[in-house]
């Protein structure tokens, strides 16, 4: 039976349409639904609605459900119904008391926020691990190479400067993630269907039990599309970084560049062309940015033009959020793995440093002799053919050398530890 | 073994990442892969690469695979590998000949285009069925009601005018669909990896066998993200129509309006509020427009900034296209079902026709007496309080009466029959 | 004064916010507002509301306004107000009659549809011109080159095959455009605010006068966001084609490829690097695809979740549509210009044809000797080092030779002539 | 002359296409270009490239330019060229020295980041002002009303709970904004074209002069599309909040609700219907959310799939960012103004509290008598007809009473003061 069952059977097509893929998605929420249910039961006790003994018995059976797992039938629709029915089956009338003072509206938000909190923590660690991997890769690969602008060789650059740009990009992504972590960490329980109850539930107590920093306004809890869209900010940011990383490597592994390569166990072949060695996994990282962003756009749209209060439209946010975290987490893992195996061809990189990319240096030589830059620029433009690659490319360019991010990484790890412990 | 296997085992994480959900998605493509494979075999025969007997034997086993179904293992990655391995298992060396002169690149496009052709045909029929249902609903529900602009009651209108607007909107959607049908119906086979072969395959013959109108330029075949994005034009158009339908009904079933209602077996309840009767299925129709459009945006992005030729990014178009057709088809079915059961409350509709919405008519009375409209407008504005609801609301407004679309619907059915038969 | 003025002055900030940039945008609509107004006046005459003489006088002054141009003040908000005030200033009470039986709602749609009809015609011609230019370019540039998949050299290809892929892509775009042209060409006038009038206006007559094919359902006329979004289908399609063209050229002009180059008057430089020659205009074509698609997404969103009837939200569609047509038209012009000056470096193209891209041919040689393809594939994979570039690359590959599209282009021109003449 | 002029004139169409609307947009950047140029000159002095006297003379003329304003010609393209030419005109060779060690690439980023810093500060203050306005509105409007779920009356609620949900939503938006503020506040200068220089410029000194917290990796500076997309996070978040506010008011001002109204000077009329009073400004707030989000999507797309380094595509981010900040700032102002004048109809609000929305309370009565909730729910469902509106609606619902945010607002003002002062 559905929680709202009133004796009428739902049309079959309609049931399929409304239930959707919740039974599958909700499997991921079981442990969070259990955690939130226990905290809710304790809050009911404090309000005098359940006895201490009732809470103990409910808690026992909830933990039993969490441990053994639940199967969610389509008739049940969701994890919330499955858990309540499990409690009723085991505890009879006592099970029928668990939903006092809550609605699926606040229950889903509690589950999703607890779920997201764990995912954000995991993602933070994964991100810092990637930074550490990149830093190690950078340390061991001093290599000069051409820097490009407008798809054309432009200036002397280095692999270490490039890797540093990835690390700083991820640092920014983490900054957004941590702001979102704080925003996510507010208690939704007690808001019930969005307008609270008259049962005198102590929301601060529930917040405390669940590790939330205070409670959210009841109506605002139900702005679910916005809350879920907020979770996308760091994900989009990370995928933008990884898109750039993948685009760089895909360009630089082309036969015309050969700055990088990957061992065979990281590449794929063609069903028709015997010679092909394809960097599919980088193409898929690159392709996951559109996928991720399209999910973010979905969330942007799902909340549009809806008056306050819960709407069933919000149900469709769940799958998108879960897919998005999975994509981002997996992409970070792949990138970490790639840099553990990426082979650098320092010789071809060096060859990319053709004389003309030193034209600006030539202008600066003239500047040092007192020629105003704009004049020097025009003179250098006229003597391009006489340019040569200098002996010491790095002269005056500390910027192209290894910049060690170990200290920042250590500090970030400490910051995560403190934030997540609270 | 994968088709491109060269003896190196793919890293586990990488395999999971690159294979993705193709094994599941490809189950839908089996019959199309079989159809395309048989046509390809016949083309190989015409080119002197296979004998008539070989084609017969291949055809037999291909049909066997189609009938019994194939299980696609993750090791196999996709339906194309599974089918080739099935042929090899049954026919030995002969099975190893089927991939001569083709690549998975053109094979996937052949499968997807044949698949899309069937889906577009189904969708066309479903759309016309909805139009027929709407026309019947309109015929039997003459009811005057207020027309709204800027969310405010504005002018006298009618349910029949409103339903007519849905029908015409669907007609436009079908127009786009049929243009896309024609564009989709071009043979991709023979393009192999995107640059053809030197085997002298007769592409026009393949096109003829598969019911395509001519063959596509080989490189253009591989602009897969664009081709798949083109399929979204009619889907987006249809969902825009259904979004408006759902938004209308959701507004007009609010307790403050009560123009419409649905029987209990089409509505859901609340886990906390005993009195609730929710129109979830209309909220989900409405929510499916963002979902659909976000998938379209995904396709828009997946093709961006890629040079010509196949990229693995394109693989991620498949799931989006399949999901999009499923959403649109299901939404049309739901809408058809809704209008078969929608209850109209003519009394509340009539009550919505408050006197002030006849203010423009009042101005027109003055116009008929010779007052210039802008002057009449200002005079009417000053006498709003004296307005009354006229006895005969429809007087001079044939536009508010039933407009029968039966003839157009019949003509569309004939047009579909001719186009799809060719 | 605003058309709806009732004596209260709008708050200053509010006026700025609501008027927006209509006064500027509407300058483009003057001639269409004039055309529509004359047709409307004639329809009023047929309904007995204006005399023949009044129509003649109105027509005269309307044409005067069209010829001399109108300045739209912010107080007037829009072209419709400016024109009505001009008529009142010149004709007194007669001018106050022009708005009888219409609303700005249907008037704006009439203007926009007439405007879009002209733009679609222009775009069609521009598109065919680009095809013709590409066909001429292709004819005079037989050049073999490597074909790429997964960003890697894959198979022998040719510039002519590549150009053919652009032409066919544009042909598809035109197919969508023409379907949209037909959908756009329906009369909105007579729908007034969206619910018609009781004045007995002959909408078919208006349609005839304006060259529309029949009239649209009154409420459907007001689904403006959908109508405007429909106009984006061909624009998005065209920009997808041009994105691919630009991405190809940008890759192939890189110093590592040098297949193409452009004369200096088509490239830009750097403020700091004297040697730079940048292909900004191709980067901007490429960048215009995101711009265009974001405008399309805007239209997708602007119509979401709105019940039937006009909403002020729709006003924000106008600027987006105008910008989108301008971008697309300009991009087509730039592409046409580029191909009139693109320099082809056949030598570097030829060098790109490295031996390994003939590996598939090697497998086919074995196939011709009777080896099953999958076995041949594996044998070829083992002898990659012995591959050589063949003397006659085109042998057996008619597909790489010039495919003349002159006939298709001629037929398209004729088709446009007939459609646009009707 | 353009900064990169080398004696070849750009094709006219190409110039128009590449220059775009930079001359107009850049007017907003003049003061930031001046500020950044002065800091750059001082850094050149510290590197021994300019003398103290030269810096003083440059600074004088730069401030002169800032004060008098500059006109940017299309030939000049942008503010950077206009300023350099102004310096050359006034100072001769000394003016030609200003661009030493910088590129327009880092210069544009410096301008945009300084510009964005000011805008983010303004937006923060505007947002807090709106919160203060809302808090005052809430304080003075204790009013019970129905709360809705699924577009249906659901539970007793209050205007004060609703307003609180707006305030908390804005608080979250501000949290994102401040994280973005910190990310934005990193020095880009010294990165030149993206790869630094060999001039030994002290980037930390430049950072100090401009109030930045440290300097960004040179290559990362050029990930402009990402940096600009990051600025959109708070803007999207704010517009999501305002969309909900506008959607609520638009629903609740409908004739069927009449909970709210606005004085005439905040509403508009119809050109045809004398009685209309339209809430256009709220429709436009609502419509600005799609506009804003489409600009965000543009930025998402503009950065996709580009390898590291500057691309001209990034130039198209500027207009979008400027438009987005303008929209958001204006929308906040409008909302503040609206709540200063919004009229509340407590009587119609009270009427919305129909008996059935107390069904859950009825179930809770049974719960208090010891009936398990799920049983109580079913019993309450059977006795809906006997429900009555209670005397004291707020009994047991402190949640529906005024929640004062004055203290949080004060703390936020202090937080802004400290952050922006640093």
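Per-chain residue numbering starts at 1, and chain names A, B, C and D are given in the order in which the chains are listed.
Operating definition for what follows: a contact is a pair of C-beta atoms (placed from the backbone, for glycine too) under 8 Å apart; a residue touches a chain by one contact, two chains touch by 3 or more.
Treat the numbers as computed from the prediction; the structure is a model and nothing was measured.
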Interchain contact steps from subunit A to subunit D (minimum; 1 if touching): 1
Selected pair, greater C-beta contact count between B-C and A-C: B-C
Copy pair subunit B, subunit D: interface residue numbering same or different (half cut): same
Averaged-CA centre spacing for the pair subunit B and subunit A, given as whole angstrom: 31
Subunit A and subunit C: spacing of chain centres that average the CA atoms, whole Å: 37
Rounded Å distance between subunit B and subunit C, as computed from the means of their C-alpha atoms: 23
Contacts with two or more other chains, residues of subunit C listed in rising order: 3, 6, 99, 105, 149-151, 154-155, 192-193, 251, 270, 272-274, 276, 278, 280, 283, 286, 289-290, 293, 297, 300-301, 304-306, 311-312, 360, 377-378, 381
Graph class of chain-chain contacts, one of line, ring, star, complete, other: complete
Interface residues, subunit A side, partner subunit D - complex: 3, 6, 49, 84, 88, 93-101, 105, 147-151, 154-157, 161-162, 164-165, 167-169, 172, 175-176, 178-180, 182-183, 192-200, 216-220, 222-223, 225-226, 229-230, 233, 236-237, 240-241, 243-244, 247-248, 251-252, 286, 289-290, 293, 296-297, 300-301, 303-312, 360-361, 364, 367, 372-375, 377-378, 381, 395-397, 399-400, 403
Subunit D partner contacts - residues on subunit B that touch it in the complex: 149-155, 250-251, 253-257, 270, 272-280, 283, 297, 301, 304-306, 354, 356-357, 359-360, 362-363, 377-378, 380-381, 384, 387
Residue ranges of subunit B in contact with subunit A within the complex: 2-6, 8-11, 13-14, 17-18, 20, 80-81, 99, 102-105, 192-193, 264-266, 268-274, 276, 278, 280-281, 283-284, 286-291, 293-295, 297-298, 301-302, 304, 311-313, 315-316, 330, 333-334, 337
